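In what follows, subunit A forms one complex with subunit B and a second complex with subunit C.
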Partner chain A sequence: MSQENSLEIKNLNIEYLTRSGTVHAVKDASFSVAKKETLGIVGESGCGKSTTGHAILKLLPSNARTKGEIVYKGRNVLTMPEKEVRHLRGKDISIVFQDPMTSLDPIMRVKDHFLELMRAHKPNVKEEEVIQTASEALEAAGVSKKRLDNYPFEFSGGMRQRVMIALGIALKPNVIVADEPTTSLDVVVQEQIMEVFRHLKKTKDMSIVLITHDLGIVAELADKVVVMYAGEVMEYADVYNLYKNPLHPYTQLLLKSVPNIKIDDMELHHIPGSLPDLKNLPQGCRFYDRCPFAKEKCKKEEPPIFKVDKREVRCWLYE
Partner chain B sequence: MNKTESVVVVKDLKKYFPLKISWLEALRKKEKPTVKAVDGISFDIKSNEALGLVGESGSGKTTVGRSTIRLIEPTNGSIKIHNQDIMRLKGENLRKARKNFQIIFQDPMASLNPYMSIGKSVMHPLEIHNIGSSFKERKEMVLELFNKVNLKPSSEFFNRFPRQLSGGQRQRVVIARAIITNPKFMVSDEATAMLDVSVRSQVLKLMLQLKDEYKLAFLFITHDLASAKYICERISVMYLGKIVEIASTRELFEHPLHPYTKILMGAIPIPDPTIKRNKIMPKGEIPSPTDMPTGCRFRTRCPYAKKECEDMDMKLIDMGNNHLSACPFIK
Partner chain C sequence: MRILLSIPMILIILTIVFFVLRVLPGNPVLAMLGPKAPPEIIHAMEHQMGLDKPIIVQYFIYLSHIAVGNFGTSSYTSLPVLQELLQKFPATFELTFYSMIIAVFIGIFLGSYAAYNFGKPMDIFARVYSIFVYSFPVFWFGIMLQLIFGVWLHWLPVSGRSAPFMIPNHIYTGVYTLDAILNGQWDVLTDAIKHLVLPSFTLGVVISSIFVRMVRSNVLLSLSSQYVTAARARGESEKKILFKHALKNSMPPILTIMGLQFALLLAGAILTETTFSWPGIGNYLITRISYRDFPAIQGAIVFFAFFVAVISILVDIVNAWIDPRIRY
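Up next is the complex of A and B:
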């Protein structure tokens, strides 16, 4: 394992215990995030991408059972006591959620959000220091520091998301997890937020884990990509090779079914069928039902990860 | 364009929402302040034609969809659907006319009664409009339609409940319910926005297929230009209550004229990491609809804005090829 990785995820398994059965949300996920790298986790709803992202900060609900390792600075976050994880959150690893309205406290000014964050790590922090740090972070996210005294409701959706990003980067974390940071926003605002991320990539020394369902956003921001389906990593590759030459049938079909704005491409593609039930998974490959290349073996045996020139793919085609 | 063959003709549609003010303010001011959600837009749709209505949230596109079929009462304007003056209809007559125009909403779970089997849900419009003479006949019609929208085996699906279906299947049910009265005009309000990519194309394909089969006039409301491309023959772009550009799909994608359309197109992420574009981005944010700029409404954010934009009236100008744009400076 190289020293340059800021985060390593090894054989991560996550299950949710529910009344109607065990939901196998993530199975045997392994990948790493290098320093200054942006890793995109992409997949459709229910593929386990957000669960994986939340696990990095140990933010899973109490009915979740985890196995495997999430290694940060040589230690496994999953087995760390809650008290120590709290010291990590915000300062070492931070998260930006999808919905900025529910993530900000409606009765707290923007300044107070920063104050709360910084007090958690430094109980007797001075107000001047908070304002200094907050101004810098807001500036980097494209918000004027004049708005420190405003309440969340005084901001538009895009501006709120910028405030969330500013909170995420305020304490200069090494890793920032962005969970669908642009999903509830309009395209133009989305582009403005992506510009913020592009700027952060250039100017700050941090790794970004970008969770999204939008293959367009991944193409524009990520260096490496993890493609998830029904809780499993199906393909793990660098962004150029993945889009140029997708190996897994699911990645191939997914890329084809994205509507694009090239006017000469008028064919609509879709993937027949639907996701398997995560409480009652098939024996073999989880994509078997929908795969155009499915063989007898795929039905019976679940494929392991195969390495194909520095890339990883979970499919018997590459045995 | 030949007006006689248009199924839907909307002229100068306006919808103003009154703002709540305190009685003290009401005493001082003569005129009540309003939000001009839709401010004088006109369009027409032929049979078997889909018109896209694209814009950001707050542009008024949903209000257009709902007031065109009088789910909300328009402030002003004339609406003709299938040669019937919709604005003049009242009470029972309006209810009867509704079988000619239907709407599909974004969230199918909110559109379906959770306690009603989907078969009964889809049958309901038949009962309301008195189509079919017996339960058996109506059920037959529902089953046939279920096959058409690919809810197979249809007799099994008939007794299922919304919670037992996936998101894509639920949207198929909603589409079946909208189409069962054999309407002439269909509004789809962000009907595919909540669906995952792999399922979204399935539903888009189904809508295309039904549009052809039923010769529907289709108003396809979306924020996603890329989806509109596959469905629509023509696309109109809305900004703050006004249509700023309207053209055939190919024409619009190849030669967008209005600065706002150009920006909207540039903002769509392309799933290809090798493409690096030079993006023009608008200044600032969408202005509040209660305090709209004078003249061109886009001028406060437009990268090409000049002095003249302050007092022009955003009229659509024909630039040739049936390509209408509200910006007279870019041709």
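Up next is the complex of A and C:
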């Protein structure tokens, strides 16, 4: 793709070595995030979206094995020495985690989190500078700077997530990975946090990788969408076309399962079946068991990525 | 509040010790006068010491005395027990203090590095170390060290707190290492340290086994938590993550257990003091048990209980200081 990409992921493969076998968490994922663009990664639980997100910052647990490339500023993050990756984290690429209740160190003040972040990248930074930067970031995330001296336990879940976001944007990174930032929050707070992201998208010059299973949020915020299923990218398209005309049967079913109050349809649609066992994957298409259009070929051969007008889809229907 | 809570604890210990001593065979008067003493002298002596009163009356008399800080008079030396205890206490304090430092040092470093290198040789070494050392009886380990470093190698003295005449000129605290520094007597300091090495190492190493396991498991738990990953995601170095986040967050549970282990440390101190002829309260207690010196035994045990209570209060204060969520 063009030079304007802030992040490029090429043939990313991730496996977890466990006692009961190798879990093939991500297979041959390729996509890119352009500057200032918001990329949505959607899929059901266990499809590899969070694993992909964590891999971008090389934050996977020690039993993970990665192959492929994650290219940032022309360099592969996955093969970079640990020391250099450390300098990317928080400064060039930052991440907002799923569970704000456990993401802040319980015995550190909010201010200390910012101090840590800034000292990690600039060891002799002055405290006034930290407070200045922290105040701006908190303000942008909707937290009063008066709360810098508070401890995490003095915040609600939503406020903690705002603090996490503020930490994520404080050093003006080029990419922020939001790993299901609203999943563990209640609906009202979810909306407030999404409002923060909307505001960020409008006001800051950064790319957002938004990992979620909330198709509504993706429709609203994302420019491009990656649909993942059982560790594979099933469809990769711009958001408008994806929602208007989903190509992959999985995307079609996924969109259909969103309840629509405008249509007088009381039934909730779901996709029958469940994800294949990632330790023992089928030979053919990973969606074969649940696909309404499955053919004989789908069972035997795994589909490659097919290009359909600038879009990518992994399905034999588009051969 | 915490201080008030420790009063019932001391009271219970005191009560148990009081009654157990009186139920067990042995009589302080007989122990003092020998088995051939005439009965009238024995009775006179018992009357003088108040031992002819009903036990329950003796108990309340004792309680009322303890309440005003009167520990009674030793039946063996006829000296006030409190005075004797205060004289012996610095030796015990010095021994337990240095043992604790050794144990905490080994515990924290070996424990956190083991957790950090989970499953690697360092971790396996730490696990083998703690099981191995835990199974050492204190006195056996002490005797082995005496044999190796004292008898065979002649490196270190094997008993006592100091060589003859090597005591501080002026006793400020009774803690020889501290007094020697205060007096500027460096030869005395060296001598005191030489005498301390084996006993404090014996006790410290034996206690460290529990600390290593405890630190390891708590740090392991913290290392797997989300805030550690989050700190890593902010670009923090692994070393700082280990000590600033994982270890610091593990400190409240670790300190609490260390405080509880302090009682065990004192029990170990009794054995260590006996093994190394260390003139502390442990040694005092053992000697006085053989003389059935009731006031001295009770006094020593109350002193130990008080010591444990003070330590657990200190632990609570430090915990509240580390973790803002803990308030009293």
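Quick note on the criterion: the second predicted complex is superposed on the first by the 314 of 319 C-alpha atoms of A that agree within 3 Å, B and C clash if a C-alpha of one lies under 4 Å from a C-alpha of the other, contacts with A are read in each partner's own complex, and residues count from 1 in each chain.
FYI, a contact is a pair of C-beta atoms (placed from the backbone, for glycine too) under 8 Å apart; a residue touches a chain by one contact, two chains touch by 3 or more.
Keep in mind the model is a prediction, meaning the values are calculated, not measured.
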Fit-or-clash call for subunit B and subunit C when the two complexes are aligned on subunit A: fit
Which of subunit B and subunit C A:Ala120 touches, first, second, both or neither: second
Partner, of subunit C and subunit B, that touches more residues belonging to subunit A: B
Subunit C, subunit A and subunit B - angle at the middle CA centre, rounded to the nearest 10 degrees: 80
Partner chain(s) touched by A:Leu59 [first = subunit B, second = subunit C, both, neither]: second
Partner chain in contact with A:Glu44 - subunit B first, subunit C second, else both or neither: first
Which of subunit B and subunit C A:Leu167 touches, first, second, both or neither: second
First (subunit B), second (subunit C), both or neither touched by A:Ala219: first
Partner chain in contact with A:Lys91 - subunit B first, subunit C second, else both or neither: second
First, second, both or neither for A:Ser103, with subunit B first and subunit C second: second
First, second, both or neither for A:Phe153, with subunit B first and subunit C second: second
Contacts of A:Val130 with subunit B and subunit C, given as first, second, both or neither: neither
Minimum distance between Cα atoms of subunit B and subunit C in the superposition (Å): 11
Common interface residues of subunit A - those touching subunit B in one complex and subunit C in the other: none
For the subunit B and subunit A complex, residues of the former touching the latter: 56-57, 166, 168-169, 196-202, 204-205, 208, 223-227, 229-230, 249-250, 253-254, 263-275, 279, 281-282, 285-286
Complex interface listing, subunit A residues touching subunit B: 44-45, 156, 158-159, 186-192, 194-195, 213-220, 222, 239-240, 243-244, 253-255, 257-261, 263, 266, 268-272, 274-275
Residue ranges of subunit C touching subunit A (in the complex, touch as defined): 225-227, 229-237, 240, 244-245, 248-249, 322-325
Residues of subunit A that touch subunit C when the two form their complex: 57, 59, 86-91, 94-95, 97, 99, 102-107, 113, 116-117, 120-121, 151, 153, 164, 167
